[in-house]
Amino acid sequence: MSKNQELAAKLRQLDIKDMYENDFFLTWDKTDDEIEAIFTVADALRDLRERNISTKIFDSGLGISNFRDNSTRTRFSFSSACNLLGIEVQDLDEGKSQIAHGETVRETANMISFMADVIGIRDDMYIGKGHTYQKEVVEALKEGYEDGVLEQKPTLVNLQCDIDHPTQCMADILHVIHEFGGVENLKGKKVAMTWAYSPSYGKPLSVPQGVIGLFTRFGMDVVLAHPEGYDIMPEVEEVAKQNAAKSGGSFKKVNSMAEAFKDADIVYPKSWASYAAMEERTKLYSDGDYDGIDRLEKKLLRENATHKDWECTEELMKTTKDGKALYLHCLPADISGVSCEDGEVEASVFDRYRKPLYKQASFKPYIIAAMIFLAKVQDPAKALEELENRGKNRKEF
Amino acid sequence: MSKNQELAAKLRQLDIKDMYENDFFLTWDKTDDEIEAIFTVADALRDLRERNISTKIFDSGLGISNFRDNSTRTRFSFSSACNLLGIEVQDLDEGKSQIAHGETVRETANMISFMADVIGIRDDMYIGKGHTYQKEVVEALKEGYEDGVLEQKPTLVNLQCDIDHPTQCMADILHVIHEFGGVENLKGKKVAMTWAYSPSYGKPLSVPQGVIGLFTRFGMDVVLAHPEGYDIMPEVEEVAKQNAAKSGGSFKKVNSMAEAFKDADIVYPKSWASYAAMEERTKLYSDGDYDGIDRLEKKLLRENATHKDWECTEELMKTTKDGKALYLHCLPADISGVSCEDGEVEASVFDRYRKPLYKQASFKPYIIAAMIFLAKVQDPAKALEELENRGKNRKEF
Amino acid sequence: MSKNQELAAKLRQLDIKDMYENDFFLTWDKTDDEIEAIFTVADALRDLRERNISTKIFDSGLGISNFRDNSTRTRFSFSSACNLLGIEVQDLDEGKSQIAHGETVRETANMISFMADVIGIRDDMYIGKGHTYQKEVVEALKEGYEDGVLEQKPTLVNLQCDIDHPTQCMADILHVIHEFGGVENLKGKKVAMTWAYSPSYGKPLSVPQGVIGLFTRFGMDVVLAHPEGYDIMPEVEEVAKQNAAKSGGSFKKVNSMAEAFKDADIVYPKSWASYAAMEERTKLYSDGDYDGIDRLEKKLLRENATHKDWECTEELMKTTKDGKALYLHCLPADISGVSCEDGEVEASVFDRYRKPLYKQASFKPYIIAAMIFLAKVQDPAKALEELENRGKNRKEF
């Protein structure tokens, strides 16, 4: 029995009927079975590709990517995932389009989607905006489909919003699952999701939020650490608390990197802006108050600079479990003495974990492909088996 | 018998042998049979896609899009059409290319087309330029093909020029045909193609020109209405007159929106710049007279502003046939109180027609695909039948 | 026996086992058999495409293009080549990506390549940088593949670096081979690779370097001509000398266009910057000395202008073999009185050679496709035969 066949059999046990024709906004919208289904399909697609078996499920198909913030790795992950399934990507570059001419979200969403099978959106810049925008797009697409305007309802894949970064965090945890030899080994493991200093400001909150919202589902002891004032969205902390209660893990907050790192099995030190600051910035942008934005930026950089001691050092790493916690980062990291003078992580720590960090990232295209696969295929377990039986080579000759 | 099979049978009755290996510049270059063939193939491709039957006719193929003016909807329509037929799109973004370095049209056309099956061009900014440019490109491609430089002559699809916007206007009329239950029901219907106020200036003339040049072929009574000075190209009015005479319809011009709307079955209120102003602007650009362009723009906006009463209001809509003419727009519309203070259409009118407007737009990818299909397939009726018999799923599983 | 079958048989005689899973940096890295294999596969793929036989070897596949300098023709050649083999292209536009945020080459190379089958890079702006960058990328990809980060090692295709422009020069010589009726007819032919005046400055040296590094392998008498001070990289001249010695041809340098053209069978007059100037510019850029760059540019343009007599004129053409040497150019050319006042070539000469020049360019997509094919297919002779036996139409119906 091949790995893919085993995974297909496992998939058959899961209750995933609601995933068909559905969307992916936030991990905590999804049941445990649904989350597991994504890991399962991701691993199965990877196994098939490694054995040169084509996983194209579309003879022709169209995917739309809409990056409202810069991206290299997520852009390529989305392209790769679509390509793996037979979907061609057309990028909606808002600079080139008529969106600047005052089109409404609803209209544009319909106009680009007549033949779209999937739409991936990154919109992470403004608190209260990105998730809302994605919801509006999906509402418009549903209406368009019901009205007979669209031939199909494209599946939305959240490629990062202001609340969650599901493709990143699910790639992170799938990497962790592989490193720890199975999801069953995560129970009781200590995870330190901690703020770290960076000489830039305004990094999205979606990664720390996504991590505490997802990692708490696996019975782990999740600690969120940040300097005073760098709070994340309280509703996501609430999600983490409830997840922890349900999964038999724990969630707590501390104001010390050292406390978080102490005996941790996994550390995820990363810079972010505070929720309050991001809300203020969003308001200033809405008001067009550019002087205010300048003043805010300077203030935030000054504040940041008082926390240069929040750095993932060799010394701190030594305090983790057996001195060898798994170091995670969504990349690119601000590496002290390499990409900046003082940063999130000491160069020697980063270098030591380079290989696992790249592996961590390598799961993202498969996570995205799995999300699309599960939304587009009615009987995904059967489809995985048939892909293998069909045995079409991805590369001929 | 499936809808596709019926349409294939109908297609077989039409004389369309000149469409093979040909191009699409202007609707009035084409015979009535050729125009009907495009509608027929568009409907057939839509029927096949709705039944999840793959319409890929290329195992590999390349399409080039060249947008010399901004575009979202036409860009995505072209991508969608190509994808539907198995053609991958490569965008010629002139900003990125060496065209700025003084390459001739002939050379670039050849250099990008060695393996191109189709080339879609939008060039609508300057009177006397866009159509001419497209003709030059096709001449170069023909020569390149004859010289053995190109393996095939790519088909040109006019995605909007200074004279016509055939993919838009054919989508418009196909929508009308569906709304009125067949092309045979169009005879005697009154169409009001009217200017409307917009707070911008310089919108292309290709939509009103395309509409009067096409709608007059179906025995309809086409009325063109605009304020004094907003004339369109006289040679296109001549086309409309001749079409009307031949089809048993009529074409007339009035200077009143109310007169045009009175008892109209279809209304198409839309802003455009005047022919004379666009000619002046083209000349100023050629001369590099940017002060002159500034002055012209201000003058035109002042003139525009004296015609704010040219708005598609509820009151005017009540004067149309039974108070419920079909409202058309190529989108995006300038909606009063929504996208601008005073615009082309009252918000409540636009809202009421949102669903049919989106349907109108949804025909464009199929129109484009039909144009390509008819230029690339020698026996299109047989090909439609064989696509159905082949029965390959567009989406597997 | 079809042309493709003949070429497959010829391919089977060549020792090309090292090409599988390998990269293409410089033509002089490759053995004569390997160079011949690329010509052979290029011709075979062209023959198959001309007979409408699909040459898709990937059911799904991803190619990455990274143009660090502007490009139209090479961009489209790469797209066309990938499309011909079933590979979809995703462009890495560094402006849009996070590379500006200080990512290292190694990290980015891995992050975009999880599913990439091929990566094409143009990086020709700075002496000592482009080739080095491509080497670094390949080292990173090899490491990523060995570490299990990447599912496959993407093949690198050098789309122009500071040292060589192999896809251009191999297209050039394949064109020459076809024009002279076979590679065996090149022996003893005189080639004039000469500098020519252009009103711009700073054109890369990779074309003249690539030409002398490749053309000397075929027993030809290669003459490099340029005004004093317009030297190319000495290590490439060394390559040319050694090639000439081995192939029974010759390589010499002169400081006169007339001497180079005298009795030449082939002329390639083209502007370039001097090696020393390009080195100085690279240093000024590294130092951020923009005033220095300005001063250098002015100095170089002044120097250039003293050599306006280096123009490919009708008079000079008359002195070539029978007055009808084959005129080559990588395009676009600076044509006197057309694209500039004084340029590289007289308009009447260029016009007379327009058709062969376009044919010359038409080989590039096939050269690129052959490079990819030979790196991806383990038994390419068998694959060519099977593509023909499979007989799948590129365009159906």
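Note that the chains are named A, B and C in the order they appear, and that numbering of residues resets to 1 at the start of each chain.
By definition in this document, a contact is a pair of C-beta atoms (placed from the backbone, for glycine too) under 8 Å apart; a residue touches a chain by one contact, two chains touch by 3 or more.
As the structure is a computational prediction, the values presented were derived from the model and not from experiment.
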A CA-based fit of chain A to chain C gives a rotation angle in degrees, as a multiple of 5, equal to 120
Comparing which residue numbers chain B and chain C contribute to their contact, where sharing over half means same and under half means different, the two sides are different
Here the gap between chain B and chain C, centre to centre from mean Cα coordinates and rounded to Å, is 41
Going by residue number, chain B touches two or more other chains at 56, 88
The chain A residues in contact with chain C across the complex are 46, 49-50, 54-56, 67, 70-73, 75-77, 79-80, 83-86, 88-89, 331-332, 338-340, 355, 358-359, 361-362, 364-365, 392-397
Within their complex, chain A touches chain B through residues 56-62, 64, 88, 90, 92, 96-99, 101-104, 107-108, 110-112, 114-117, 144, 147-151, 376-380, 382-383, 386
